[in-house]
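The same subunit A turns up in both complexes below, where it pairs with subunit B and then with subunit C.
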Partner chain A sequence: MQSDQLIIFENVSKFYGEVLGVNRVTLAIAPGVTSLVGPNGAGKTTLMNLMTGLLRPTKGTIRVLDIPPSDPERFFRNIGYCSQFDAFPRGLSGYHMVHSMLMLHGLSSGEAEDRTWKVLERVGMTDAAHRRVAGYSKGMRQRIRLALALAHDPRVLVLDEPLNGLDPMARAEVIDLFRKFADSGMHVLISSHIMHEVDIVSDSVIMLSGGYVVAEGEIQGVRHEMEEHPIQILVRCDRPAVIASNVFQQDSVVEVKIHNDGRGLLVSTRNPDRFYDLLNRIVLDNHIAVESVSPADENVHAVYQYLVGSNGTGSL
Partner chain B sequence: MNLWIRQALTVMKVELKRYILGRRWIGVYLAAYAPVALLLFAAIQMSRRSISISDLSEAYAFFYQTFMLRLAIFFSCALVFSQLFRGEILEKTLHFYMLAPVRREVIAAGKFLAGAVAMSLIFATSTILTNLLIYAPASSGSNFFFEGQGIAYLLRYVFVTVLACVAYGGVFTLTGLRYRNPVIPAIIVGLWEAFYFFLPESLQKLTIMHYLQSLLPLVIDRGPFSVVVDASSGVFSVLVLVGVAVLLVWAAGKVLNRTEVTYSAD
Partner chain C sequence: MAVYKRTYTRYSGPLTSERGRFAILPRYALESVLSSRFYTVAFMLALVPHLIALALIYFRSHIDALSGLGIDARALQILSIDGGFFLNLFIVETFISFFMVALLGPGLIAPDLANNAMPLYLSRPFSRVEYVIGKLSVLLAVTSLITWVPGLLLFGIQTALTGLSWSWDNLRVLVAILLGSWLWLLTISLIALALSAWVKWRPVAAAALFGIFFVSAGFGTVSNVLLLTRWGTLLNLSSAMRMVWRWLFLSETQYRIATPPFGTMPAWTGLVTLCAVCGLALLLLAWKIRPVQVVR
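Presenting the complex of A and B:
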């Protein structure tokens, strides 16, 4: 993929005095939804602030779609950042905030007005548009931040904990929106401590711990590279004991647990491809009715636990 | 209209909307309009007296150069312009501008313009009102304005007021961004400017006050220890004052270019 379609970090380090923010980060992020995962202090927000030019790297270079942050006019036309900073300028309404930002993008007042209403409608803020932001609830402020990030139709959307303060219905809508953006070829970078929601929507993941990138790529790929942790596969069927007694003929199967309800089993294997072949044969030979077969730990949460030994909850 | 000008005007409008009626500026309004109230009271008490116009002109020159320029305008500029960026950092709102596709010099210019327009309006009206009110008690006050030099004097005072806001605005836009505690540079600049007349000629020409003074209609006596320096020409003084402001605002833009948004460190 060409560099004008990638977000590139080249050996980037950021120190706050003597405190490490992130260290030796080298990444090439392709379009799609990419989630940043890590506990408090892992470096997620630092990475996002570096990516959006709010921080300058102590070492290394960053280019977003081949544009350096030192060229703000081009850079910020392509980036929308929904930060975690919760303060808003005093005395301004949500409408005024978005409208002014669009004027700064060079739109005429009329164009800015049309776009402001469209984006406020998209985030469900038309009714409160003319109220001062100071009187908004946390969720409303979050929606205005989202509106500010989306208003100019950026090619890269960076979202630091974008689901905070949103009710479950709004979360589902926003996640759906992110998916649509990614499907249209945009970069959507999300940091969130709500891992199962990130898991559903992400194409790839960047796992951070203590300022270092500990893993990156598609979540399945990352999981499969972790040879020391056998992959767990959940099989729901009518005769799990038959499968259990047969799978041990394979060296790569290290553990089998039959569910208490007698309708399934959990297999740990170092070679999932061979296991699936064997499972097919066992099922056909023994006429077993299979309800479902699914990986049990190919998700962000499990992978993070294996890699870092932490549950990965919390945010920077 | 050029994009940079439109962006600077947008920043200016946002800033004016945010601050002009805010509590932060109460001190500025007091500094500007308290003398108006005092002179109005005096004018009512002393109406239609035969006071010499030249005495009143000297009294106003003294009032304007000591109170208005050195105290009211100077410290109001220090308060307002220092807060243009420092206030954003303290309120954790600087990132809104830093995420906009705008050259940092344009942001600095927009913010400076907001401060300059607001301060010029406030202090120009104060200058006009105090100037009119000081001549009000004199029976020949209206003649001075309609047939004498009154209007010319008034226009020069207003012009100097605007230039003072512009030049000091430039200084404090930069110091507000450059220093975490802008009070210290404000005090240093304040002392330098207030006692400029004790400095040797070459150093006096490095003060803003020298060029403002050069444009005023009357010179007041500074006492026996002051160093008397010839006034610079009007055009040169205006160019220096505007040039200094432009240079300092451009420098503020450069500082902003290197500024990171790390609120916790500030």
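Presenting the complex of A and C:
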């Protein structure tokens, strides 16, 4: 992929005095939804601040769509940032906030007005547009933050904990919105500590711990590279004991647990492809009724736990 | 993958000039100032000295007409409309503009910092310098309307009443109104903004602004007495400003009378003091106005 479609970090380090923010980060982020995963203090916000040009790296270079942060006019026009803080100047209404921020992007008052209404409609805030932000609920503030990030039509959306404070319905809508952005070719970078949401929405993940990138890529790919941790496969069927007694003929199967309800089993294997072949044979030979077969630990939470362990994982 | 289709299109219409974008910040701040009854009253009161000056200028040119109306206006004959007249007017305005800045200044930056709003501004094509200029322009716009703008109007009215020869003879007054006002307004505005950036609680920031002016003035006077020196005068910012204004407004003869060689400081020391204070305030602002506040 060409560099004008990538967010590139080359050996980037950021230190706050003697305190490490992130260290030796090298990444090439493609369009789509990418999630930054890690506990508090892992370096997610630092990475986002570096990506959005709010912080300059102590070492290394960053280019977003081949534009360096030293070219702020082009750089910021391509980036929409939604910080995790309730960052609103006092006294303004939602409409005025979005309108003035669009004018800071260089849009005329008339054009900014049109776009303000469009984006407020997109995030479902038209009715409350002229109320003061100070009087908004947490979910409404979150929507306005999203509107601020989206209003100038950036190509890269960087969203720090964008789902916080949203009710389940709004979360579903916002996640759907992210998917639409990604499908239209945008970069959508989100940080979240809610793992199942990351799983639902992400094309790829970047896992951080203590300022270092510990893994990156599509979650299944990352999981399959972790050979020291056998992959867990959940099989729901009518006769799990038959499968359990047969799968041990494979060396790669290290553990089998039959569910208490007698309707399934959890298999740990170092070679999932060989296991699936064997499972097919067992099912056909023994006429077993299979309800479902699914990987049990190909999710961000499990992978992160394997990689980093539970020590110091904070809110994860 | 669908994500690589790139069906997305960005805004490609015309953009406003980068240079004027700072003016977006004072937009709402000025709106709220103008809609406030309190500020309107303060603003009207601030214009009272200029209205008195206007009356004096007018009656000084129409003494005969006043006599015709049976009003004894002989006292006005000793009043000279010159640099000294404008100097006195601006010394009064020093205090009024200071109070205006003390009312408005502390509330300009502190709320943005308290609400973590800096990333909001600075993740756009908008720099820290533009942010400070934007906030500064709120104070400069309001205080200009009660200092050099009416000052220039008075100068114009006096010229209209007495003729161009007066204007030519007092050209330095015109320069003094502009330079002197801007120097003073910049100094107090930058101090107010620096305090607003460092002191998040508005009343405390306003109190600190008063403290800087009045406590330092007292400290300067005490230093002069105890150390038998004149340099303590420089701690008093309004005295420093007066030194510069005297030099700007007064003719050479008037200046010599107003500043005897012993007991007063030369004008340049006042200018250096004010510039140093402006520089310090800018440093404090640069230190505090950052896109991300790093908590160690």
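We take it that the second predicted complex is superposed on the first by the 310 of 316 C-alpha atoms of A that agree within 3 Å, B and C clash if a C-alpha of one lies under 4 Å from a C-alpha of the other, contacts with A are read in each partner's own complex, and residues count from 1 in each chain.
Following the convention adopted for this analysis, contacts are C-beta pairs under 8 Å (C-beta built on N, C-alpha and C of every residue); 3 or more make two chains touch, one makes a residue touch a chain.
Bear in mind that the values here come from a model prediction, so they are computed numbers and not experimental data.
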Subunit C versus subunit B on the shared subunit A, clash or fit after superposition: clash
Partner chain(s) touched by A:G32 [first = subunit B, second = subunit C, both, neither]: second
Which superposed partner A:G110 touches (first subunit B, second subunit C, both, neither): neither
Partner chain(s) touched by A:D203 [first = subunit B, second = subunit C, both, neither]: second
Touched partner set for A:N49, first subunit B, second subunit C, both or neither: both
Which of subunit B and subunit C A:M186 touches, first, second, both or neither: second
A:P168 touches, of subunit B and subunit C: first, second, both or neither? neither
Partner chain(s) touched by A:E73 [first = subunit B, second = subunit C, both, neither]: both
Partner chain in contact with A:S83 - subunit B first, subunit C second, else both or neither: both
Per-residue contact with subunit A, leading partner among subunit C and subunit B: C
Touched partner set for A:H96, first subunit B, second subunit C, both or neither: both
Colliding region between subunit B and subunit C, picked from 129-137, 201-209 or 219-227 after the shared-chain fit: 129-137
Contact residues common to both interfaces of subunit A (with subunit B and with subunit C): 16, 49, 52-55, 72-73, 75-77, 79, 81, 83, 85, 87-92, 96, 100-101, 103-106, 148, 152
Touch list for subunit C against partner subunit A, complex: 1-11, 13-16, 18, 21, 24-25, 27-28, 32, 111-112, 115-127, 291-292, 294, 296
Subunit A residues within the subunit C interface of the complex: 1, 5, 16-17, 19, 30-32, 49, 52-55, 72-73, 75-79, 81, 83, 85-92, 96, 100-101, 103-108, 111, 115, 148, 152-155, 181-186, 203
Subunit A contact footprint on subunit B (complex, rising order): 3, 6-7, 10-11, 13-14, 17-19, 21-22, 88, 91-93, 95-96, 98-104, 257-258, 260-263, 265
Partner subunit B, residues of subunit A touching it in the complex: 16, 49, 52-56, 70, 72-77, 79, 81, 83, 85, 87-92, 96-97, 100-101, 103-106, 148, 152
